[in-house]
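As structure tokens, here come the structures.
Common to both upcoming complexes is subunit A, partnered first by subunit B, then by subunit C.
Then we have the complex of A and B:
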């Protein structure tokens, strides 16, 4: 019974791990520093697209291309941050949501560069089915032969992906757990609570905000790269603005102000998200399977409102540390 | 070349009037209620689908469809205000932003569940062309122009001349001063949502009418243009949004004019608007007509 569903659970696990990394970026920006980034999907998309374009169109090797992808995400963070971070948070929310819409629009319309709505498959031109993940797949195969797994745990590929993604996710969580407890982290909390006071003691508030925006963008970009490796082929539809709000839901599910609740939120979210395809009892069975995607998103929207309204500190959050501009 | 410019100006005024009307609602909602409404685009979508239901499924006239869009979205805005946003007031703008985002996601996907994801179109002949001098319009666009020419001045007069309109601007401008001058803030707050909802409903109808085929993402895509309009006019400034919308609409269309060193490719219009927004925030963050102090 469990074995039959193992590939599915592996997939859910990989997804949850990727979401941890994406949400961690948002945690630093939103929960820690109070920067409402509503365009996290733009950073994921930019990293994935830059990586794929570098590999497919310029023949760059995958590690270098991945670094380029992360750098592009960071650069985009700077591009948005420099004009906007001097202003109040509402402006950042507006500009980032606009950015996510624009990046998606450009990805669809700059066909020569991005492959248009076909996505990565069309990047190399019309009669060439391009792939960017060959080197990554080779790496996975190499690891699985070294470990001599031979399919004992369902899909080798997903299992190794799971290990890599979770190792990266836990590494990032640990690193940023230490950083948020450092003076740097305290300063960011102070910015969230009272920007003027921090400015008054002589700290460069805009500079710190910019740091956080860029670090968050890189983490978002890393999540985007991992997502691209996992799905093998991507199109603009894989980086819908909804991704951003899935991450918000993860933060809110876990509790917005504790870093260790992010894995909890990610797993819970992935279960809710993937589990809805198994719901087959009466009122839901009226909705045919093609429409279930809308139902899932509807639930995401509903939970965003319900948890924010009823339990703003999240399921496991710290109520005392819930002061963002209230 | 000059004919093209005239055509672009007309197109720009059409887009601009939609942005103006919806932008006035969004900016007043922000000024009076302190709600950055990230679901505003989806209010437009609901207006468009109500219009579609009346016009195509119930087979009624476009005028009735426009009126129904306007009334039903106004009602919806009031229900959401009283049922959700007013009880949650005081949670801070960031929490309210996320709540409106959630609301938008729910509205968008409810429409997908009810009407399906396929494109819909109003019962107007999109291939027919109406010619005025050297300007060519589709019947849908002609109706857009007619609606814009009749509604936009009405809104401007309403804001400038009526007691309620003046009170709205007063509350958006300085809440405390308006309150001690005897303006009933609660009542004005409700009226602002009625205005914003009806303009969003009408805006959605007009957007769908001009665009032709539309899907559940109709309003979410131009949401950032509505916000750009709001910032362009200065957050909370009603006249600013009226002028800002027209300006943005014109700028986006005229940027594609051949006379401007060939103009930009029209598919990059939204990217141009985004660049416009970034430059605006760098050099005039309080909008072109904004006051020196942001709320």
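Then we have the complex of A and C:
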């Protein structure tokens, strides 16, 4: 059964890797620095849209367009600094989710630029169906011929994508694992605990908050770019706030206070999210398959509640730290 | 300096001077404006008028972190510790000149960062010895008692190698033996590094015992200042503490004293 579904699991693996990178950005902002950013999906969509618009409408080469995408995401991160430096807690969460929804509605309504609700397919106008990912696909084909894979592992494209995404994800994870253990990470954790006290010992809290916003935005943007490359065409519906919530679920599943739990949370989430299609046995098979697809949403919501109630530290989090009243 | 909140005047043209290397007490009944003065000096509030000078520099318009990095550090009435950081981390965080606080520095110049980190750890352990918290250095600060938190906050302020420390009720809520220890540390430190202290404290016996000079505030004004003995004999101070309102003519003449 595993072999038969190999292409499917490759695809799931790619998504899991992309989720690692996205969740890492949220980890830095939320778990480490204590900024409840609920607009994470905006970073992803801004990077993906900027990249696609640059390629399709302005004929920019893909590497340059990708850098533009990341820069636009970073700029939006700085823009989020306006509420972040003034609000905290629930208020900040509300403003950030509103900001991300504004971005999504802009993407739907600025049809001439973004292709409207059709998304990237409509960007070039009615008779131009050119895709942004051609250069990327050429690169993947090139790699697969060099390695002469010839479909031994199902889909060559997804296999290479899997390797690239996971290499990037693990590289980012290692780099940030190392940095969060450095004095830089210590400062961010202190800001999470009590920013007034950080001011009082002479550290520039404002600067660090902006830094984390931008870094988180770039990681979110990188995830958005990879997602866009993987799915080939995208529309505003690919960047729903659900994406942000999935990242939160990944952090909570693994344990919010440890960075290396992110890949475990990510894999587990992807298995649960995609694995629900294998729920075709009795008595679940009594429900028709269309309705069954919605089961995953119930399961994700139920999991969130169950984990928060029964195991707030997640699967591998630090319970002692979590039990301390802040 | 002058500062009001809405219609309430918290600090009403209060003016005083703290001598370098001295321990100066700042006392006054509740609502006298002592904490507001602390917030003004440490940059958490801006004065509406007036100026604050520290070591020849105007600091009235500086941000709190800029004030602190000039060597003027404060503690809080209710101690603010980083609860989910260890005691040692709380201390180490406050140290100055750690290149590893720059994003990415730990990756690109790990040796410089870890060398400085070693120095900082040593300094932190020395100070933890001094404030008698070394046996719980690896505990989370959130697991400490209120008194221990006061000590930790005090130690953290010292980690910045300050030239002047503002202590907001260092002995409030601390078990008496701990409070006395804290006092001894203040004296020791002044002897060793000639650090200046400005202390708000309601424990009069303790404060009068260590302070060189005392500034008394009431209703936002400085109503008296001098040596502990002088202040204790000042009829204006007695009136402020016994709840009798000072006649306007008297309080105005007192305001002139420092100017």
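Operating definition for what follows: the second predicted complex is superposed on the first by the 313 of 326 C-alpha atoms of A that agree within 3 Å, B and C clash if a C-alpha of one lies under 4 Å from a C-alpha of the other, contacts with A are read in each partner's own complex, and residues count from 1 in each chain.
Throughout what follows, a residue touches a chain if its C-beta (ideal position, glycine included) is under 8 Å from a C-beta of that chain, and two chains touch if they have at least 3 such contacts.
Note that the structure is a prediction, hence the values are computed from the model and not measured.
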Q) Superposed on subunit A, are subunit B and subunit C clashing or fitting side by side? A) fit
Q | Partner contacting more residues of subunit A (subunit B vs subunit C) | A | B
Q.
In the overlaid three-chain picture, which partner chain does A:305 touch, first (subunit B) or second (subunit C), both, or neither?
A. first
Q. Counting only touches as set out at the top, which of subunit B and subunit C does A:90 meet: first, second, both, neither?
A. first
Q: For A:258, select first, second, both or neither according to whether it touches subunit B, subunit C, the two together, or no partner.
A: neither
Q: Tell me which partner A:36 touches in the superposition: subunit B (first), subunit C (second), both or neither.
A: first
Q: Considering only the touch criterion stated at the top, classify A:297 as touching first (subunit B), second (subunit C), both, or neither.
A: first
Q: Identify the partner contact of A:102: answer first if only subunit B is touched, second if only subunit C is, both if each is, neither if none is.
A: first
Q: With both complexes overlaid on chain A, what's the closest CA-to-CA approach of subunit B to subunit C, in Å?
A: 8
**Q.** Overlap of the subunit B and subunit C footprints on subunit A, listed as residue numbers
**A.** 324-326
Q.
For a test of understanding, state which residues of subunit A touch subunit B in their complex under the given definition.
A. 30, 34, 36, 38, 79-80, 82-84, 86-91, 93-95, 97-99, 101-102, 105-106, 109, 242, 245, 248, 252, 287, 291, 294-295, 297-298, 300-305, 308-309, 312, 324-326
Q. Where on subunit B is subunit A touching in the complex?
A. 36, 38, 84, 87-88, 90-95, 97-99, 101-110, 112-113, 116-117, 221, 223-224, 227-228, 231, 235, 267-268, 270-271, 274, 277-279, 281-282, 285, 294
Q: In the complex, go through subunit A and note every residue touching subunit C.
A: 175, 178-179, 181-184, 186-187, 189-190, 192-194, 196-205, 211, 215, 257, 320-321, 324-326
Q: Could you pull out which subunit C residues touch subunit A in their complex?
A: 42, 44, 63-69, 73-76, 80-85, 89-90, 92-94, 96, 98, 100-107, 113, 117, 140, 142-143, 153, 156-157, 159-160
